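There are two complexes below, and they share chain A, which is joined by chain B in the first and by chain C in the second.
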Partner chain A sequence: MRKQLVGFCAVGALLAATGIASAETVKVGVISTFSGGFARWGEQMKRGIEIYQKHHGDSVKGNKIEIVYRDDTGPVPDKARQLAEELILREKVQFIAGFPWSPNALAVADVVTEAKVPTIIWNAATGVITRRSPYFVRTSFTLPQVAYPMGVWAGKNGVKTAITAITEFAPGVDAETFFIKAFKENGGQVLESIRMPLSTTDFSPFFERILNAKPDALFMFGPGGPSSQGIIATWASRLRPAGIKLLATNEIQEIDLVGVGKNGIGAISTGHYTETNDNELNKRMWADMKAMYGEKAIADIAMVATYDGMEMIYRVVEKLGPRAKPEDIMQMMSNMSFPSPRGRLVIDPKERDVVNDVDIRKVDESGGRVTNVAFDKVPSVKDPWKEANPAK
Partner chain B sequence: MSSFITVLLDGLAYGMVLFIISVGLTVTMGLMRITNVAHGGFAMVGGYLAAMMIRAGVPFFPAAILASVAAGLVGGAVEMTVLRPLYRKGELAQVLLTFGLTFVFIAGLTLLFGTNSQAVPLPDYLSGSVHIGFRDYPAYRLFLIATGLVLAVFLWLVVDRSLYGAKLRAAVDNPRIARAVGINVNRLFTGTFIAGCGLAGFGGVVGAELLMLEPFYALKYLVVFLVVVVVGGLGNFKGSFVAALAIGIIDTAGKFFFPNISAYFFFSLVFVLLLWRPNGLMPAKSAA
Partner chain C sequence: MTTLPTRSGLAELSAQGRLGLAWHALPWVLAFVVFYMAEGYLSLWTNALIMILLTLSLDLALGYAGIVTLGQAAFFGFGAYAAGLFAIHVHNDPLIGLVTATALSGLFGFVTGILILHTQGVTLLMLTLAVAGLLAEWANRAYEITGGDDGLQGVRMGPVLGLFRFDLYGKTAYLYSLAVLFVWFVVVWRIIVSPFGRSLDGIRQNPARMRAIGTPVWWRLVAIYTISAAMAGTAGALSAQTTRFVGLTTLSVLVSGTALVMLMLGGTRRIYGAFLGATVYVIVQDYAAKVNPFYWMFFIGALLMATVLFLEGGLMDLGATVRKYWRRAPVKKP
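Moving on, here comes the complex of A and B:
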């Protein structure tokens, strides 16, 4: 009798325990930019989450995945740090994600390390970031990862001389450094390196100077948005007629080409995600995006990194349950590899950083839209910054 | 030599856009001493409206003119409802209110159009190039220079040669005496404010290739517009014309000759100039 009772109790406790477990909520804090001039980042990330949840539901094995959004308002590191603390202490989130901006990601490194909160970087592309906390993992790209292959391609494909023109801020310098390194290693010669103020409105005088120097190509880096569009438009009117190629990285995205139109045609860029990718997942993401947000919606690198970041979280909860140890979560996330709209998401376990196939694309008109069309691919590029700066 | 002329033309085109947009601001700040930092907002509204109309099929010029009229009307409404009560409140209240107004413009356009930049599609005859003797040059920039010149001559005729202009100059130089001789300064101001906002709207449309339209336009380019007004001298039309062209050409030449220090180069020059002439190149008499 007594034994039976104990047995009942044990079964009851077991049921209760699984009952609680299946009703758990996994909170994911998303720190991104939802207001101000850079609000597109937050919007695209939110859409990435919503599309992912449309595909996979908002719970995993009965555990609800709840997203808590926080607005960092732009590249404001102090604000990001404060939001991370709040998410950890008050909201008690199990994951943090987001970060369009490198300075913001770097600012939360200590906080997430101390609190042991697995943190997924959905954009910030400065090489060093994942070295700053063992709880960081990145699903986007690094700037050297795309700038370096551009330099290699240029050197091997008949570009003998180039001028670099970047808008002056930290990631621009990263892009400049690694393009020049790769270009020189492959026999190219850099005639001049111009750094344009972030506030530049009219790029034509810089381009007049470039026209005078007659390089084979111009390598640009812009902060995305209007400024990059201005650079592309000026190239189209001044340098394209003289046969000077435009080389760039991820700032040539379809989402930015809308403001540029046919001016962008012919520009060559490297990127880890090409909008016209011919894989099922990418097509499905586009179709659902158009259905959910209208015909004008366009997928970009922020949306894809977010989509893949959500997949990481869902896989972790699926396999390790809703309350896994942070060390186990990091171990699992660092070894991930799964299909992505970009092709495949692969994480390098040693650096917890993404390994990307880098597409070489050309802007062209395709099916009524001005977009990127990939014509070559450099497979499995690890972050060259980390190779140039080995861990001590 | 060919580059030299190109840079000069580029500078002129940029300067003309600055002139068209800023000339209204010099009136606001010179005539009634209203510190209006929302001026860029009217240029932006004009640009957005034109972009919308052109995409809906309205030809470029009618769209530009309709959009400028609309920007002027928005300006008139703002002047009569929220600005007028502030005339006697001092600069701080004016700056705060117009700054707030700028955020209303930014938030409103973000809500309606999103954060992406808006292109104002040019008609085919403006988007190509014209051969100007030694090279091909964008037709659009030649059009800017011509438009700026025509507007400048027109404004000069109105301000220097018409009764309206005489009253306006009188009111700028000494508002109290102008009132004493029976000039309705308030009405004069509303009319001029509407015209100034309309011109800003026009500048926003035709200058959209140089100053890209985006919700933060109103803040991003405000500094340049203010520099034109301050360097030209508050309330002086000719001053703002000379200043706008000088700034356009100097800024452009600075980028061409010293690309890596162009931002410092430009602002250092403005700094030195204002040390030398704190009231601008051609101050109105009341400011001197």
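Moving on, here comes the complex of A and C:
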């Protein structure tokens, strides 16, 4: 009788224990842009999440991973901050992720630090971001990381003079600074540095100035989406016939070339993810994406960074369980390294920032698409901004 | 607006009827109920209080004095940047910052008021838009000062009165904003019932006649525009201090438009219209964005259309409108 009772209790306790463990839900708040002219960012991130969950299911060891979406409507830092507070206080999320926009990511730094919520940056690429909060980790790239190699390549490959044209906000200024630094170090000369407001949609006045100055190349930065497409299209119609090269970073993506078509051929860019990457995970992601969203769907940096960011969360929940301490989570995420559609995702533990192989690629026709084809590679680039601004 | 019977809000303010003062205590009692009930939602409600203040400032200029303006964002943003920059470069005490930002916004309103208030109607509307546009463009270009599209980063606020720290849960921010709103509410009340307020009523209805009986119309308009600007500046400063951030959006036409929408939603020239309109708008917006983060704008649009089509005098007229339809209904039957 007594044995039975003990056995009964033990089974009960075991059931209760597993019951508690398996009933947990891990909430991930995603702050991204789902409306307005930049809604593509949010859509690509949402697809990245859905493709990842198709590959790995929506739960880890019985813990459901629930995504809570919030729309920041674009580069609107105050909105992002309000949403972060709301996700933390009301939704009680364990992770925050997303952030197409640097200003938005910078604006939530104080909030996630105070609340100790691990936050994964899925795009925002200004160098300084991960320094602003010990709870930030980044799976995308940094602009200095891609702009610097572009400057080096240009200086070494016959580009003597260049004009830089950027949209003026934190990542643009980063891109300008580090392209010029590398370009000058390699013997190049910058004729003029143009800064355009983020809201610019008509680039012709700026391009008129560039045409008159006749540089060998134009280096551009614009936030991915309509404004970058505008710059690429204007280059294709005005500057390319005059023999002025277009140099850029991650704005030249297959997804942005749709409107330009063959006119975009010849544009040179640096990037951490090239659509034509020949690795298994990349091919699998593309195949599932086409199956889920149709033939017109195109993968981009937002989708890849999201895919990798989800992998981070899944690994954390698998190893540390659904209710780990934020410090432990950050410790684990800062030391990650795993296969990614870009090749491999590696985090620099000291800066909690991503280390990328940077491809140098050219827009070309390949397999019936106008896309990027990599022709050179700079391996394991750490963020040059951090090296130029050592932590105190 | 002109088809409505003219209301000055006096009726409500002097209501000493059955309920009298109890009615006036209601919003403030509710505000305290919210404080104790809405844990986790306080930053949303703080935002509502700030929007009430902004809408009330618009009601003074547009509702009472009839100054057609879409430039209220200029003063809101001006106050926000003033408070933010003051906290970064001068002193981080919230009250000193708030008073400074309010005074500077008032001054800005006074100067621009002198420049543009001799015009009327569409011209005036364009000029208020131009002022807001110029200021927004300046803030965009002055990257070194304002941070441009990155926004004003690094605002650190000291504790209110040296005692109450701004906490993550927004309790301090809420009570602080509520106190400031109450002070401005009393000021607005005094203005509306004063002879000065009555003269604004007259100016809105017939400036020529007011001039004929010796009212200095232009100066009265400049005065109320200045007060309205100072008030909008306070709202902006509150926003900067409670969120510890200022973005370019504080200067966008959208802010002016939203305030106008809130005012129309609640009802113009009804001192509590601003309270009702702003609160309902903020709640609906929050709820819609939660229910559907992808198409939430649709709900806001639908609400506005419904209000404009069916509630001419805004939500404050809900009771009256329902009664009107009620009475009309039997007449329609053959």
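Quick notes
Going forward, the second predicted complex is superposed on the first by the 358 of 392 C-alpha atoms of A that agree within 3 Å, B and C clash if a C-alpha of one lies under 4 Å from a C-alpha of the other, contacts with A are read in each partner's own complex, and residues count from 1 in each chain.
Quick note on the criterion: a residue touches a chain if its C-beta (ideal position, glycine included) is under 8 Å from a C-beta of that chain, and two chains touch if they have at least 3 such contacts.
Predicted model, so just to flag it, every value in this text is computed and none were measured.
With both structures placed on the common chain, the touch criterion links A:Pro197 to chain B and to chain C. When both complexes are overlaid on chain A, the residue A:Pro77 reaches chain C alone and has no touch with chain B. When the shared chain is aligned, chain B comes close enough to touch A:Ala233, but chain C does not. In the superposed model, A:Gly266 makes contact with neither chain B nor chain C.
In the superposed model, A:Gly321 lies in contact with neither chain B nor chain C. In the superposition on chain A, contact is made by A:Gly37 with chain B only, not with chain C.
Of the two partner chains placed around the shared chain by superposition, neither chain B nor chain C is touched by A:Pro134. Of the two partner chains placed around the shared chain by superposition, chain C is the only one that A:Ser102 touches, whereas chain B remains out of contact.
Comparing which residues of chain A touch chain B with which touch chain C, the overlap comprises 195, 197, 199. Residue ranges of chain A in contact with chain C, taken from their complex: 34-35, 42, 69-71, 75-79, 81-82, 85-86, 88-90, 102-103, 106-107, 110-111, 114-115, 167-170, 195, 197-199. For chain C in complex with chain A, the touching residues are 39-41, 43-44, 47, 140-141, 143, 148-151, 153, 168-170, 239, 243-247, 249-250, 289, 293-297. Of all residues in chain B, only 3, 6-7, 10-11, 14, 110, 114-119, 121, 129, 136, 138, 209-212, 214-216, 220-221, 224, 251-256, 259-260, 262-263 touch chain A in the complex they form. Considering their complex, residues 36-40, 43, 194-197, 199-202, 204-206, 208-209, 211-212, 225-227, 229-230, 233, 237, 241, 255, 258-261 of chain A touch chain B.
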